[in-house]
Amino acid sequence: MGNVLQIGEYTFRSRLIVGTGKYQTFDLMRDAIVASGTELVTVALRRVNLDNPSEPSLLDFIPKNVRILPNTAGCYTAKEAIAVAHLAKAAGIGTLVKLEIIGDQELLWPDPIETLEATKVLVQEGFTVMVYTTPDPVLAKYLDKAGAHAIMPLGSPIGSGQGVLDVEAVRRFKQRVSVPVIVDAGIGSPQDACLAMENGADAVLINTAIAQAGDPVMMAQAMKWAVEAGRLGFEAGRMPKRQDAVASSPTTGMIAAGQ
Amino acid sequence: MGNVLQIGEYTFRSRLIVGTGKYQTFDLMRDAIVASGTELVTVALRRVNLDNPSEPSLLDFIPKNVRILPNTAGCYTAKEAIAVAHLAKAAGIGTLVKLEIIGDQELLWPDPIETLEATKVLVQEGFTVMVYTTPDPVLAKYLDKAGAHAIMPLGSPIGSGQGVLDVEAVRRFKQRVSVPVIVDAGIGSPQDACLAMENGADAVLINTAIAQAGDPVMMAQAMKWAVEAGRLGFEAGRMPKRQDAVASSPTTGMIAAGQ
Amino acid sequence: MGNVLQIGEYTFRSRLIVGTGKYQTFDLMRDAIVASGTELVTVALRRVNLDNPSEPSLLDFIPKNVRILPNTAGCYTAKEAIAVAHLAKAAGIGTLVKLEIIGDQELLWPDPIETLEATKVLVQEGFTVMVYTTPDPVLAKYLDKAGAHAIMPLGSPIGSGQGVLDVEAVRRFKQRVSVPVIVDAGIGSPQDACLAMENGADAVLINTAIAQAGDPVMMAQAMKWAVEAGRLGFEAGRMPKRQDAVASSPTTGMIAAGQ
Amino acid sequence: MGNVLQIGEYTFRSRLIVGTGKYQTFDLMRDAIVASGTELVTVALRRVNLDNPSEPSLLDFIPKNVRILPNTAGCYTAKEAIAVAHLAKAAGIGTLVKLEIIGDQELLWPDPIETLEATKVLVQEGFTVMVYTTPDPVLAKYLDKAGAHAIMPLGSPIGSGQGVLDVEAVRRFKQRVSVPVIVDAGIGSPQDACLAMENGADAVLINTAIAQAGDPVMMAQAMKWAVEAGRLGFEAGRMPKRQDAVASSPTTGMIAAGQ
């Protein structure tokens, strides 16, 4: 895969995707986006003001070199999500879409059945589909077979900041699917992002952890470095974990000192 | 404490301290040191060739702008460790020392009694003492009271790469001691370093995780970023963890779409 | 639910279900079953000698007071699993069945799509269906709605002994489904069983952890007590976890002693 | 060690020691003690009414067949703790004592220096000394060498109910000391007790988790079974943990079914 992130026909050097919700102001959002170094930001299409071009829109605050990834947040069925994707296309935002269909309002957990159905339809219609999904490796294989262009398992519930509860799921996905695996939801701090990346995730998507940090711009920069650190660590190859201690400083052949 | 690491009279901008053991070659060690951006490297005094100046020495491969931190690895009593510190001073390496007295050969676990005793003596003799210790918060208070200049709890057994097993210990140390808290031993990957830093560690010391990575130089750079990411994340202030999910994209006031 | 486990029309006082695979001998299996106090044992129908009544059969070693729960282990599609269930019924074993359809040979992970399909069919045909499933709470709601009589999330991969990796999943299931939630797969030791039970599981299914213990009969008894301890603990209601220490022995009003 | 718990000259069949603090009434305390099956209960000497024999005393509610283990809770120095032990002896409670010297009021963390000092003194004076200590394996060796009759590492802070945060510490203690290792402090639920025991602890001491459960008597019974389950599991020998799944039901030689 070289050193870039390839999603369908789109290429990205940054492996950090950021969300646009929950910022106190659009200005703060823009500054955090810039600090993060991201090239792809996700926008809940239902939040975008598509109808009144005279009023300020969230989209106006996204830097020009950053691609928009409309998402279907707030949809509970395949039918709804497909309609939202069509709307994005009609509005000229394009055919790259993040598919998100919720099956549980309290957990904001993906609906596996509706998600698979919508993936099939949107892929056939020519969309580039990035799919928010559960950590289920068999469902991931179904989504891959259905033609999804990126598969995005949740780390923990959306907005919970609990981190990546089952990092083994990331490894399992990587062994089973042919497209990028992107950890979406649950990342709460830089070490969560780093953990996902050093276990082989191709990218991470972060929203709340930046938007609701004490200082969102500073945190955006922290996340940028955490993602790069994790990716480099993955590529460098970590030391094996050992049950026992091993001296850092071999004592064989050392000079006598004070004995 | 501003944005620098202050240990006694010494000031560092980098919060990453690296070890010098276990590299395949001295050249590789030097390249990793440079890539890490460190300003302080620790050297087991017993490994240094102080007697035959005609032979190549580990010290020759340490960049000039990087300070040497002699350590007392391999010592099992206060008496031995104090003798090694004296030797370092006599050899002109200086009076900054990392005190490491082992009480268990298999775990390479610090000896709390001998460590406290040696700290008292070396501080009184004018050394700047950085103390390797257990995650015991009460012992940390004793060491602080004895005048230690930095307190270095182990994250997990030396060379094990198990990470920071009890990150709460870092927080407890920070609340109880007046000098820098530096996580020493056990860090195995960038996320471990990031975790320690974002929980308030003032610095981390890493040896095996760099030296025995697949690509030590690349890993050194990963660790540099991980430390900076963790520190920035600590300063920015992380979002709170929540038990439940919270939508990233508020749906109040959103436009209707396909319903 | 009173103090019994109710699955469809069947009632059990024991909340421990045991498997019959991997024992060194049938005698050892029988002794472990007795020691466990179980009232329900699961049998891979494909392993049972239904054709040669003259040869010894696993079924002969199951005590008379213990109910047989035929399972569909080894099936990869709804069609296969339904056929196995029909076979069990035809052989007179009954219409209580544990549905297990695998979607990944290496992980032995359930196939969510085929499992849901087979559940619908078997429930409509009048079977009492206990369904092995992923820890996905939305899929659990689908299975509940399809009429499953017990829902059995995996704790960790079958035979791995890694325990219950996400005990929160058990709580989520309990909040969302109307039938018993039984942790199946992954339990490796008594504390795993206890953990599942004290977090509200209605029962646990254990096979490898008993069959491959050093002493299977002794371990069967350990599991019996672990399940009862966990259930009692759940019913008694545990103390809250606290961040800080709280003295067990209040010191207000205590007598002076040596001060 | 046979199947009994031997502490100095005292022998116990039960491996559960319970505390006497925090119960709503003395009657409830007595019922929980009975339900737990314990043979040894610990009492903060400073709470006991030794002076006014006309008033009801906690000691009156302890069943006759249960031994009293006076503890030095509330002491911060060796001197104080030794004085409390002397007081217990003078009051005729005996020379079995649980030594507890706190070095941090917020964490109720043991003071390693004062604890070691008091252990030496009390052992020399002929007391049977059970020592509350940190999870430090080197300190444990010092205490063992000083003649302690049981070594009692904390699982997590007293009264926190966080469980056994580093169960590896239990294993390390068992490999390094010659006397019983008893997990004291932090146990919050049956699974915590089970975990400690199946990892080799010789016993556990529980107070808050019973006294502050929703139903203390029911929880006492749960703890009794959890301890027995864990001990049996330890003796039986658990299955190895495996990274991958392993079928419970071998499919070689299985009969064809529906294929």
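Chains here go by letter, A, B, C and D, matching the order in which they are written, and residues are numbered from 1 within each.
Please note the rule applied: a contact is a pair of C-beta atoms (placed from the backbone, for glycine too) under 8 Å apart; a residue touches a chain by one contact, two chains touch by 3 or more.
Labels paired with UniProt names: A, B, C, D = Thiazole synthase.
All values reported here derive from a predicted model rather than from experimental measurement.
Colleague: Between C-D, B-D or A-C, which shows the same interface as A-B, counting it as a repeat when over half of the contact pairs match?
Modeller: C-D
Colleague: Which one of the chains is farthest from chain D, going by Cα centres?
Modeller: Here the answer is chain A, farthest from chain D.
Colleague: For chain C and chain D, let me know how many angstrom lie between their CA-based centres, rounded off.
Modeller: About 32 Å, centre to centre.
Colleague: Starting from the mean Cα coordinates of chain A and chain D, work out the distance between those two points in Å.
Modeller: 46
Colleague: In whole angstrom, how far does the Cα centroid of chain B sit from the Cα centroid of chain C?
Modeller: 46
Colleague: Whole-Å distance, chain B centre to chain D centre, using C-alpha means?
Modeller: Roughly 35 Å, centre to centre.
Colleague: Identify all positions of chain B at which a residue touches two or more other chains, and write them in rising order.
Modeller: If we look for residues of chain B contacting two or more partner chains, we find 107, 109.
Colleague: Between which chains is there touch?
Modeller: Contacting pairs: A-B, A-C, B-D, C-D.
Colleague: In their complex, what parts of chain A are in touch with chain B?
Modeller: Within the complex, chain A contacts chain B at residues 19, 21-22, 44-51, 71, 73-75, 79-84, 86-87, 106-109, 157-162, 188-191, 194-195, 198, 207-209, 211-216, 218-219, 221-226, 228-230, 232-233, 235-251, 254-259.
Colleague: In their shared complex, at which residues does chain D touch chain B?
Modeller: Counting only chain D, the residues touching chain B are 103-104, 107, 109-113, 116, 134, 136-139, 141-142, 165-166, 172, 176.
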